[in-house]
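Notes follow the structure.
Labels run A, B, C, D and E following the written order; every chain starts at residue 1.
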Amino acid sequence: MIAGCSSDSDDSGGQQTTDGDTTDVGTAGSSGPDELHIGVFAPYTGPFAPWGSALTTGSELAKQDLEAEFDVSITLSEYDTETNPSAAQERIQRAVTSDGIDMAHGGISSAVCGSIGSWASDNGVPFITQGASDTLTGESCQPYMFRAYPSNTMMARAVGQPMAEEADSWYLLYTDYVWGQTAQEIIGSVLEENGATVAGTDAVPGPGNQDFTQYINNVENSDADGVAMIIPGLDARAAASQLQNRGLHEELSVMFHQFEDQVMWGLNQEAASMVDLGPTGWINTVEGGEDFKQRVTEQGETDPFSRQYMAYVSTDQAVRAAMRAGSANGEDVRAALEGHEITDSPVNDIVPNSTLKWRACDHQLIQPTHVVQARDESEMTNDPYKQWFEVSKTVAGDQVARSCEETGCSF
Amino acid sequence: MSGDASQTESTQRLRDALADGRLEQWRVPLGLLALVVFLRPVIGHEFLLNYPPFANTILVWMLFAASFNVLLGYTGLLSFGHGMFLGFGAYGAAIGLTRFDLPFTVSAVIGLAVAAVVAYLIGRIIAQRGEIYFAMLTLAFAKAAHFIANQNYGGLTGGSTGIVGVLPSWIETERGVKYVAAGGFQFDWYYLLGAVFVLAALAIWQIARSPFGRSLVAVRENEELARAVGIDDKRYKIWSFTFSGVFAALAGVLYAINNQGSSLSTLTVETSGDIILMTVLGGANYFFGPLAGVFVWLFSEEFLIEFETLVLPLAEYPLVRIELGGLLSYWQFFLGLLFVISVLVAPREGLWGLFRSGIGGLYDRVRGVRE
Amino acid sequence: MTLLEIDGVEAGYETGQVLFGVDIDVERDEVVSLLGRNGAGKTTTMRAVVGADVPNVRSGSITFDGHDLLATPNYQIPRLGLTIVPEGRRCFEDLTIEENIRLGANHVDDPLPMASVFDQFPELDEMRDRPARNLSGGEKQMLAIARSLVANPQMILLDEPCEGLAPYIVRRIESIIEEISQERNVTVLLVEQNVAVALAVADRHYILDEGRIVEVVSTERLREDETLRQEYLGV
Amino acid sequence: MSDTATTARSADVVLETEGLTKQFGGLTALEHVDLAVERGELHAIIGPNGAGKTTLFNTITGALDPTAGTVWFDGEDVTEMAQEKRPHRGLARSFQSNQLFADLSVLENVRIVVQTARSGRFGLDLLGNGRAKYRDAAFEYLERVGLDGERTTLAKNLSHGDQRRLGIAISLATDPSVLLLDEPTSGMGPTETQETADMIDELQQDLDLTVLLIEHDMDIVLSMSDRITVLNQGEVLATDSPGAIQENEDVQNAYLGGMREEL
Amino acid sequence: MDGIGIQTLDRDALPISPGELVTSLVLFVLLAHAFAVRPGLFVDQLVGGLVYGLILVLVALGLSIILGLLGVVNFAHGAFFMMGAYLTFQVLTVWGLPFWATLFVVPVVVGLVGIVIERGVLQFVYDEDPLIGLLATFGIALMIDEATRAIWGGSPLSVTTPQILDSSIGIGVTTIARMRLFSVLVSVVVIVAVYLLIERTDFGLSVRAGVLDREMAEFVGVNIPLRFVVMFFIGAAIAGLGGVLRGAELGMDLSMGNQFIILAFVVVVVGGVGSLFGSVVSGILIGEATFLTPLVLRTLSETTNVAALNVSGIGGLMPFLVMIVVLLVRPRGLFGQEGFME
């Protein structure tokens, strides 16, 4: 049943050692719970369904590794949140009350993450979110909610300087919801800190918008040298293809915020080559984790991209916290995760040579943040999996994360 | 022979009583009580949904549907923007609580008041418009409300995230089960919700059966004749719209507790559209019709989703996963089919009407056997 | 030779039965009137003949020129050579006079030339391009007749053509009925409340009362028998 | 013109129109109609179909706004008054086509109207069982028109004649002083017609009504009416007693005349 | 019921009141100001609004025809539009036929699906309350949505347009993509063709007669059920063609049907139910309002330095604001007729 499980990673054999940073309980995995039930929350229907299946793949891989390492049986359940916060809340409620999940991770849109996180915290269920809005670890932070991916600010700060170097003035197109609104503000201020100007901003409708005509008109008629696409998922794909149709990608530098290469795979390589800049938490050309990437390729429906990474980290960390705590109890798991620095986990292999730490003050996982750019078309490869983009810059997490005081989070 | 005659007479008297509403006086209150008592065990039964708290959600939507039916069923007005009033209640309660630190009841009352005033004003503007114009104007106002909430002016509404994690101080929640804790008592939130639901639904029923409500029915049946016999149809429509809005807002207040906040989705066209469809699916001609529509809709949605969400533990049986998950992930196709069929079979009666005539037919058959 | 044969027709609406066995035979080239009080079932009879959606014909048969009308879709009836000038004229108000008449001609195999119809109704010819809604009642009636005449039918059903018209227009319509009957050899079934019109143009008269044909009389008898008129027609 | 104003306030004339004109687009349905209905009389309006009788009713009751002219009721200018106010002043009508609350019971049809008559144009009356209130009063009206046996039947399931009767009961339930009846006997057989005529007669006596009647059946009109107004092409040809109307030459020419000549 | 006839302006001349005069002047000044400040952008948005508006017109036309002729509020009409877009993908990308073929194949297929729906479901609800038709067609729309998802998947798709439509044409202040001009051209041709069909042919005459008095039209020999089928075919096919144009330019996704059906209802209501001419005017009006209002507000905000004037995302609200304003001033829409659908 777990034939796909690979046990060759060098850090997963044998007993778990004590984590230096955690002050709480839990020394040996053998004393942990026998069974864990984890809910994976993602859109499994609708246009974002491929994201959902990527989350499942990442979670499955982590489950295989963990079950091989610990004496624990892990059950994964998928919950379809669509992109609707109300539906998401209904799902987490049912997952907890009816199916009895111990912890949860996932969430694609910030509103969904906020809705699940809030409910989970009110009801004492640990939830590792994958949304990127600053509010999730800022004013809307929640005691039981942790974030496994770099925040908007981290990505904006990582890309700010390269953006200013790339072009003097930028036009910001942002999707008119919380993630887009906050990202737009941060990028604007980071650009100005780095000596570039904002030529204009436009709120575009969405998520779920496919028509960017009038906003691209605005970009085209501005003095901007570059355009920042602060547009999520498939909307970004549509926007990119419309930029290309206008030929603007040749005239302007193009930045995609919270870049996900999967979005570009839906276009052709020519279109993908328009990407000059894109901050991201992970991409499959980040060094390390070759084994993980290989397994994703074999098992998953899509080639490795950030979502399998997020799901793997989230599942891995949730289970390890329970093992350290020696309990599936929400409060114990939360305590075991808070302030924990990741060591001796396959995650360290996927993100080598970096410090990864769950910051206690806002529950942000401090991790390296990358800026990517498109390869030349001739260098884009599809084998063994699509590698169209490469990392142009990597910044350590603590250099770009907001300070604890800045976040506005208090539990 | 004489027995026959007396039986006919007593049947006739029974019919009179039914028509005059003497017996009905108790049918609805008892029915509502029974609904609240039996809903949770049914929802929670392990062979059905195995999900008792879902009964809370169903009750909130039932109240919303009942409020909507004041408009559609009793006055014959179709609103495409009724979610707006649900939103006023939910946002009112959540905003008062989080942004102004008001007590929950005060916030709730403010939400209801806002809904009432807005409904009255909109009603004044659009009450006399023809059917399709009325519907489109309600849609437009709802769109505007959605736009404003999404703009998050002054940080009041929280934009697309909505307002999350909001609970009055006297509600506690633990792993999905909410308790009311007040004055040393602690009891399940369902009972309070159920009580409010029954009272509100009774109020709606009372409005519908009151002289006021009968005038609404007259307007629905024949607007021209109503005006000719001296009924001021415009004012009746305005007040019907107002009452309907206030009760929808009350459902919104309950929504705010039940969902621990308010979400932008209350204000969407989808919410407004769903409530129309639930109401008509259940049967707008009956008091219990919309409630039945809500039950069938939400129950089947949740029931069918279950097949999808639990496929992973069944991964050892790949066939099961493919067949159920594959087919049922298109469950809305079958919902659409259900609409088409129910419209073709019984356009005005809805499921509740079919159910009633089914029961009636059964009763007749049983009696026929006896005779 | 019988052109239209209505035999034992029972018909009605949702609210109740209106016709209880109506028998009418119209011979070729005849002008026949169908008389009766309001509500006697005259219009229901007419509607049953031309295959309107309501009333429902429950039993009986209606045959025209050998064709079973009850089995013929209503829009094919004009092709058989039977057209109607319905009660209330029912001109297409937003369409011009010419368009109205063209509609009458477009859906039959062998229509009359428009010019020949306009010759008969010179008052319409002058206003070809005016929408029908601007016409007076009399002019609308002319238009309705022209619209059914242009189809070159064997038979026309006229349902209360003189309703609400001034006496001189009634005369004009009487003469038109005579013209189409005599010059164009069109058979006419005329429904009237105004007995005078029926007396002026028709050869035979069917009297309908409470959904049944109670008398079939000649013009002479109808003219003379005051009790008959009094009992069934109220005049 | 000052003459008319005085008449309008005189006690005998309860309903009066002055220069009432109604145009639909280019079509003139009513042309300067002057009509005076005296208190307590049965006043019939006759005229060929399309003469403007129903339009006259509609403008008097406010269902249509007149293009020009004035309507006086009980000494008051009601031309601008909202339609739904007029029944509360005592001006009621029955309809020509079957205007009923089709999906409600016969009793409820009348009861709602009684309720409206007694509690006003608009009542935010939220307490009590609406169906129980005024049921007895409604029942009495049904007895008057002979529909008490059908009280639980849905209005749409009544026979044609009974629907007409229910229409009359509905207009009676508004407690009128002037009742406008639009072809109350249309579609009825001779027996039924006579019954209805008798009923109207009786109602008029019992309830002290002024009746304005549109009717086709000349027998009924001639036997029942106190006065008759003849409309033709939207204009008043004559207003007079039945006998005088029968003799009036204009009327004969326009309406009865053609036939009389032939006869 | 009144006609779906296309009135000309002089037949239904709009009386200009002082208030309307002032409003028009203010509007003109605002537009002129926006043009003066950003001429290139203004023209771009003008063209964008026109393209968008004409697509709306294509969807609204069929809706209006079906509403006027059959009295059915056809919620499934948006699904026809979406189906047109997805079929474009099918014909172009899956079957590999040339783009020009889609312009003919797709509308015909969508029209045939329309016929199946009309014969299978809608003919049974003609005499019912409009709400019943709305419900039935909503069910159909759900079924089409789900079938589309089952066949083509949930993710948005796009197609490549032929090279000849790829480039742009310079017009001084800006350039306009050929695809957009092509869209405008096709839309205008279709609208004119529908106008000619309805106003100038015997077939159109019989349809107009059917709208005015269905039964009388049958009495003069018009085969009304056939007219219904044909007009339903045409209405669905036009929506499908709109889907082709939209899909070719901007791609296709599952939400486009529901999004456009609501806007199309707005267009029909603003134009006046029953008036095809009204739908054309209001579709373009709403398209332009959606594209030009943000620009007008932005230039105004720049000139006056009042940041609050630049309301983000106002464009999406414009169709509804326009509707509220129009219906408050003219309760039956711009060219609506008394008594229709009331």
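Points worth noting:
The criterion applied here is as follows: a residue touches a chain if its C-beta (ideal position, glycine included) is under 8 Å from a C-beta of that chain, and two chains touch if they have at least 3 such contacts.
Chain-to-protein mapping (UniProt): C = Amino acid/amide ABC transporter ATP-binding protein 2, HAAT family.
Small disclaimer: the values here were computed from a predicted structure and weren't measured.
Shared contact partners of chain C and chain D: not a single chain qualifies.
Of all the chains, the one whose CA centre sits at the greatest distance from that of chain B is C. For the interfaces A-B and A-E, the C-beta contact count is higher for A-B. Chain A and chain E have Cα centroids lying 40 Å from one another. Inter-chain spacing, taken between the CA centroids of chain B and chain E, is 34 Å. Centroids of chain B and chain C (each the mean of its C-alpha atoms) stand 54 Å apart. Rounded to a whole number, the gap between the C-alpha centres of chain C and chain E is 44 angstrom. Shown for chain D are the residues in touch with two or more other chains, of which there are none. Contact of a single residue of chain B with at least two other chains is seen at positions 150.
Touching two or more other chains at once are residues 45, 176 of chain A. Pairwise chain contacts in this structure: A-B, A-E, B-D, B-E, C-D, C-E. Interface residues of chain E, counted against chain C in their complex, comprise 2-3, 5, 202, 205-206, 208-209, 212-213, 215-224.
Only residues 49-54, 57, 150, 152, 158-162, 164-165, 167, 173-177, 259-261, 263-266, 302, 305, 308-313, 316, 329 of chain B touch chain A when the two sit together in their complex. Considering their complex, residues 73, 121, 124-125, 128-132, 135-136, 138-143, 145-147, 149-150, 262, 265-266, 269, 273, 311-313, 316-317, 320-321, 323-324, 327-328, 331-333, 341-342 of chain E touch chain B. Residues 78, 125, 129-133, 136-137, 139-141, 143-144, 147, 150-151, 269, 273, 277, 280-281, 330, 332-333, 335-340, 343-344, 347-348 of chain B touch chain E in their complex. By the touch criterion stated above, chain E contacts chain A in their complex at residues 38, 40-41, 44-45, 48-49, 51-52, 149, 154-156, 158, 166, 168, 174, 177, 179, 249-256, 290-291, 294-295, 312-313, 315-316.
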